[in-house]
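Chain nomenclature is as follows: A, B and C, assigned in order of appearance, with residue numbering initiated at 1 for each chain independently.
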């Protein structure tokens, strides 16, 4: 059994580019369990924060510390027990099942063990009938489901999702949300960004509210939506905060 | 106009008559150009991909040089290879001058910048699209290289074909390093040059038509392979 | 993946087929002869070398380039035997230590071809120097090899006797093509110009256009050939023994007879003149 990498501790995280502080001194801790939604207007730094936590980008200062991992750089471990799904799915030029197999191969899963895992995630995401189809031929929504299936096959402890349904229609959005729920019920921690308040209400257990690179609020979802502690939060819920 | 008619009929009679000399020249031409493409691809593909993916000091310089080398004049390449392989030169002991091997070397040198530069462009574009997702899945840039090359296979095939075209069409380099020796280093292009120098323009044109047909054949075959694999 | 396997199969197939496409059985015994385009284009080598190969089992590989380049290659040691037609250069080659000894082999002659209309009015004149002076003074188009070849040096030698500086006229009526004999004849035919050519190339040339022979027979148009073994003391890898066998053969009665019997369209071309 893998040692857990949670809780995640983010300390004084900062990132600047071109002279601007895009992430400005953010600190928080995330435990296993609750679905964390990162909320905020455009340009708040939500996507950037996810990428910093996942290890795709190095911070200008501050630390991202995972528990239980013993690599250099204060316990960072991007790929082993985490996965990420992006707003636009990136599929390799091969079949649906080959795309999942590629990820398993990177993880060092033995050839014999792969097929069973591929079959399982494909059937759980409703893609089984497309197993031999070239992934690029699938519709956008189906490709996003495939991205989820691929991430799921890795059995991540943490799943980051960056606006996963922003480009989908309502049916596609619902399908994706169902899959996310299923992944979470398997024990994976969900950390997701969205600008869709309805989605945040539906899915969120706790909210990280960002504005212009700063963490304004970290609260339990229900209290954020009923009575946000900050004026900015209230303005955002009213639809007054455009950026 | 009569030259064209004469050319066409001489080409036809050569082919129909299964002229043994022609077959020998055609097979040698194919062998040399395909070998050169093979070697150039072996070196150029990874070089282009590595330049696309890794960041290192001097990278921009390499990109500029590779792009510029695409325009290498074949006769200059031939001259340089000649000087290297000549008995008076550094690699003279190998005794490679005036052999098909020297011609393969010259053509490989000529076309590997094409393949490397085009590979770099294709892989760089793909890497921009893929890098976040591949990193997220746990692929290091080095591990991503074969993945990108495979995913770009159709575009890469086109650049390899471009290399083959350049190799099989050139005459300057192979003339200098090969010497156009009958039965040994005479290929389609040098044979054409020879017939022109003898004033037998009809035969030269006929051979030229055959060369073009050959090129069409190889390109067509690649196209068929590509479509079959795509389906 | 099926598609990957198709690719791999094709690749393997291609690589497997390539050795089959090799040229004729590689002759272990071969010599490299640096000679000139004019000699090769005449067809002499195609006619007589197979006899040598049949008799000795040695494959003679001829590199046909301009005289200057042939000498260069021999000096570099890229050839075993030098077979050109410029006495001064050949003697220098030996005296500078690159060659062992020069032997007379044969001679043919040069001619001046020109447009049938003969604008310089030189047809049939016996004095080649006077004819060339007329061409120059009339500024009639003349195409030169311009490539440091034996033919080119011959031509320059003749111009020197006219006292006219043709180099300064280059680009006007005097045009330097920088090509082999065939290329130069192509250019001259295309421009309807006068041109100095060796008889061998001329007789077998198929693109004469409007050109005909205008001047021939002047002894100054003689073109002697010499054969020299590249000195193995200078280049140890040179196939001295095999090369000497070739030289011995070409100056032997048999070789000389074959040279004399070689014709183009029934016309004799080379006069064998090896001594003893």
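Quick notes on this structure:
Quick note on the criterion: a residue touches a chain if its C-beta (ideal position, glycine included) is under 8 Å from a C-beta of that chain, and two chains touch if they have at least 3 such contacts.
Here the structure is a predicted model, which is why all the values come from computation and not from measurement.
Least step count on the touch graph, chain B to chain C: 1.
The innermost chain, defined by the distance from its C-alpha mean to the mean of all protein C-alpha atoms, is B. Among the other chains, A has the CA centre that is most remote from the centre of chain B. Centre-to-centre, using mean CA coordinates, chain B is 31 Å away from chain C. If you average the Cα atoms of chain A and of chain C, the two centres end up 77 Å apart. Distance between chain centres (mean CA atoms), chain A to chain B: 47 Å.
Annotation for chain B: residues touching 2 or more other chains are 150, 153. Shared interface positions of chain A, defined as residues touching 2 or more other chains, are 94.
Residues of chain C that touch chain B in their complex: 3-4, 6-7, 10, 14-15, 18, 21-24, 32, 37, 41, 46, 61-65, 73, 75-78, 179-183, 185-186, 189, 204-208, 235, 237.
Residues 129-130, 132-139, 143, 147, 150-151, 153 of chain B touch chain A in their complex. Touching chain C in their complex are the following residues of chain B: 24, 27-28, 30-31, 34-35, 38, 86-89, 92-93, 95, 97-98, 100, 150, 153, 179-184, 196-201, 225, 228-229.
The part of chain A that touches chain B in the complex is made up of residues 51, 54, 56, 78-80, 82-84, 86, 90, 92-94, 102-103, 106-107, 150, 154.
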